[in-house]
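Letters are used for the chains, namely A, B and C, taken in the order the chains are written, and counting of residues starts over at 1 for each.
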Amino acid sequence: MIRFKNVTKTYESENKSVTAVDNVSLEVEAGHICVFLGPSGCGKTTLLRMVNRLIPITSGTIEINGKEIQSFDVIELRRSIGYVIQQTGLFPNMTIEENICVVPQLLGWDRVKMKQRYNELMDMMGLNPDEYRNRYPWELSGGQQQRIGVARALAADPPVMLMDEPFGALDPIIRERLQNEFLRIQGDVKKTILFVSHDIDEAIKLGDTIAIFQAGRLMQHGTPDEILANPQDQFVSEFVGNDRALKRLTLFTVRELLKKAGSGTGKASANKLAATSQVHVDANLRTALSVILSSDTGEAAVVDDQGQSVAVLRLADFESFTGIHPKRLTSIVQ
Amino acid sequence: MKGRQTERIIRGFLYLIIAAFLLWAYRSGAFQFILDNPDDLLYLLKQHIELVALSSFLAVMVSVPVGILVTRPRFRKYAWIAVNTANIGQTIPSLAVLALVLTYFGIGYFTAVFALWVYSLLPILRNTIAGIENINPSIIDAGKGMGMTSRQILWRLELPNALYAILAGIRTSIVINVGTAALAFLIGGGGLGDLIFTGISLYDTGIMLAGALPVTLLAITLDYVLGKAEKWIIPKGLQRNLDHV
Amino acid sequence: MELAAFIQNNWTDLLRLTWEHVQLVGLAVSVSVLTGVPFGIYIAQREILANLVLTVAGIVMTIPSIALFGIMIPILSYIGHGIGFLPAFLALVLYSQLPIIRNTYIAIKNVNPDLREAAIGMGMTTWERLTKVEIPMALPVIMAGVRMAVVLTIGIGAIAAYIGAGGLGEYIARGISTSYETMVQAGAIAVSLLALVVDFVLGSVQKRLSPKTAR
């Protein structure tokens, strides 16, 4: 668990002081991803870099698993925290294997163990260990480099990871693929992760919780659903966007909707529907909504893994679940 | 390909000129002096190489550490002083540096070594600073964030990644030094400049060329060899940069 | 101070030598600009030729100047100009070629291809494109090459005094051979100042030519 208590950072220059982080208190549960979200210059990166003491704290405390970070030796602290940055920061003079084994090597692991760990991590990243072992960072694509960056941060199996816009420089398709892989890996490793982003969609997708910052202050901290459903103030609601209702739909699957609604819709008519108006039971509600809106009948057949239709979904079903009137939903989409 | 053909023709033409020059030099008795006085030539060549080796070695030993020192966080504020000194210093003609050192220390071997040392410092210093400062800051940030000590950052990240620039500075400095050392004869350093200046004042083609040709060959060979050495020493991951230069 | 007295007593002579030095350097660099810039533009379109030219020019640069003088004197003495202005002038032209050709080449190569495309798209002829787009864009870098060439030739010009080309090196040469230290100092300081001042002036010109955003 990571706990920020009244954390403040002020930069003193000759005749004025600038507050980059203003009295932030925040708790992130073990095994959770907390996304620090906000416009550039809002203090999110500063806050992140205070955790591994790359930036000294002006006042307040940060605790990792109940232990104050100032009580650690700074070098040991950093070696026990994974760190991933946007520009990858891969060392151009080292091979991929050397890059990944930097921290294990600093910690004095033996060769066999390091090699084993390298193979393990590359498998985890979906890259062939032997193909890349002796290659250099510049020979890799941006997406591959960032995978190596994540693998490197995971190398010594640190309980905590700091990620500063790790996917920010990638093109959208690669970014989405890496986000999915990242979620899959996190499902296995269950690290406590602080993740800086300026992209609301990324935050909704990756975050167990989202912390929104503006001008150094924490505006709201909550699950993506809480933030989308109840933005605390004008700034948050503008930042998450007018289509937040729609974004919220991505958080839920058709299955969850059906469970809640008690699947009161008739089964009989389902088979008459055209094949194009089908939606999988595990698809998110946003996908389901667009299927319904593009079908002629205003209905979509919900199908399971076997392709059997289990229910029919109509626009009206959304209202009971999201509390948004169908007309508003339609207007948002269009 | 038309371009390749032109290139081959020009290349052949250049070789022809060099061959014609050497033939002409031979026919006009230019090599007579070398053939008659091989010991003199070898002695002066050895002296020349010693001058260059000693002053360049001392320059590397001073410039690289100073370059590292002024790029440490504590002294970074003052790095511009070193950079400006290096830039201004390199603008001053080599002969002027030699002449000024001469007026302080008088004629002699020490004066020559000292003057060559001073003139060799600056290219190395400038490249060391530039090499370290031009490293992508994200590399250093990553190293720090992963828990490298400042010594580890210096030895594992900064020096390997600045090596290309540092070695280029050393190479430039040494090649310039070979030429400047030919002037060192004027201030008591000996070396192959002895033959060139004697040849000029006696208007003797043979003596002139006996000094000029070995100095030229020495400079070109050293430049070539040091260029090859760079490829040996520089980490493979950074070799990509070499292809662009 | 002796130096001050020396300068006071010999200032007309000092000015004459400075003028000689400036003339030698100015003439050589002018010729180099007139030949090197067009040549640099020409080879920018021909990759293979450019490699060869830059390699050869690079090798010429590594030849120590006093050695080049030693090689040129015997050759030029065939036409009766072994010593004096001509060998010095030719050597300075040779040395100032590399920085000028190389910088012109790099500058033209580095002109943003989008700009070139835009110029072609607007229907400019090759000549218009060169004079209205590429050369103005490349000018600061070319100027940097000229500046390097000038500083370099001022230094080599000092050495040329030993082959009778005159200039401020003459005070150094004469001073050393007659053990007249003050004269040596006067020559060395004057030629250093000349290099520094010219470097500064050309540096300002270079800045002025640069696009405002790049300052």
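Following the convention adopted for this analysis, a contact is a pair of C-beta atoms (placed from the backbone, for glycine too) under 8 Å apart; a residue touches a chain by one contact, two chains touch by 3 or more.
Being a predicted model, the structure only gives us computed values, none of them experimental.
Distance between Cα centroids is largest for the pairing of chain A with C.
Among the chains, the centre nearest to the mean of all shown protein C-alpha atoms is found for B. Chain A and chain B have Cα centroids lying 53 Å from one another. If you average the CA atoms of chain A and of chain C, the two centres end up 58 Å from each other.
Between chain B and chain C the centroid-to-centroid distance comes to 20 Å (mean Cα coordinates, whole Å). Residues 1, 3-4, 6-7, 10-11, 14, 21, 24-25, 28, 30, 88, 91-97, 99-100, 102-103, 175, 178-180, 182-183, 186-187, 193, 196-197, 199-200, 203, 205, 208-209, 211-213, 215-216, 219-220, 223 of chain B are the ones that touch chain C when the two sit in their complex. Chain B contributes residues 136, 138-139, 141-149, 152, 156-157, 160-161, 235-238, 240 to its touches with chain A in the complex.
Per the touch definition, chain A reaches chain B in the complex via residues 49, 52, 54, 75-81, 83, 85-95, 102-103, 106, 136-138, 152-153, 162.
Across the interface of their complex, chain B is touched by residues 46-49, 51-52, 56, 59, 62-71, 73-75, 77, 82-83, 151, 154-156, 158-159, 162-163, 169, 172, 175-176, 181, 184-185, 187-189, 191-192, 195-196, 199 of chain C.
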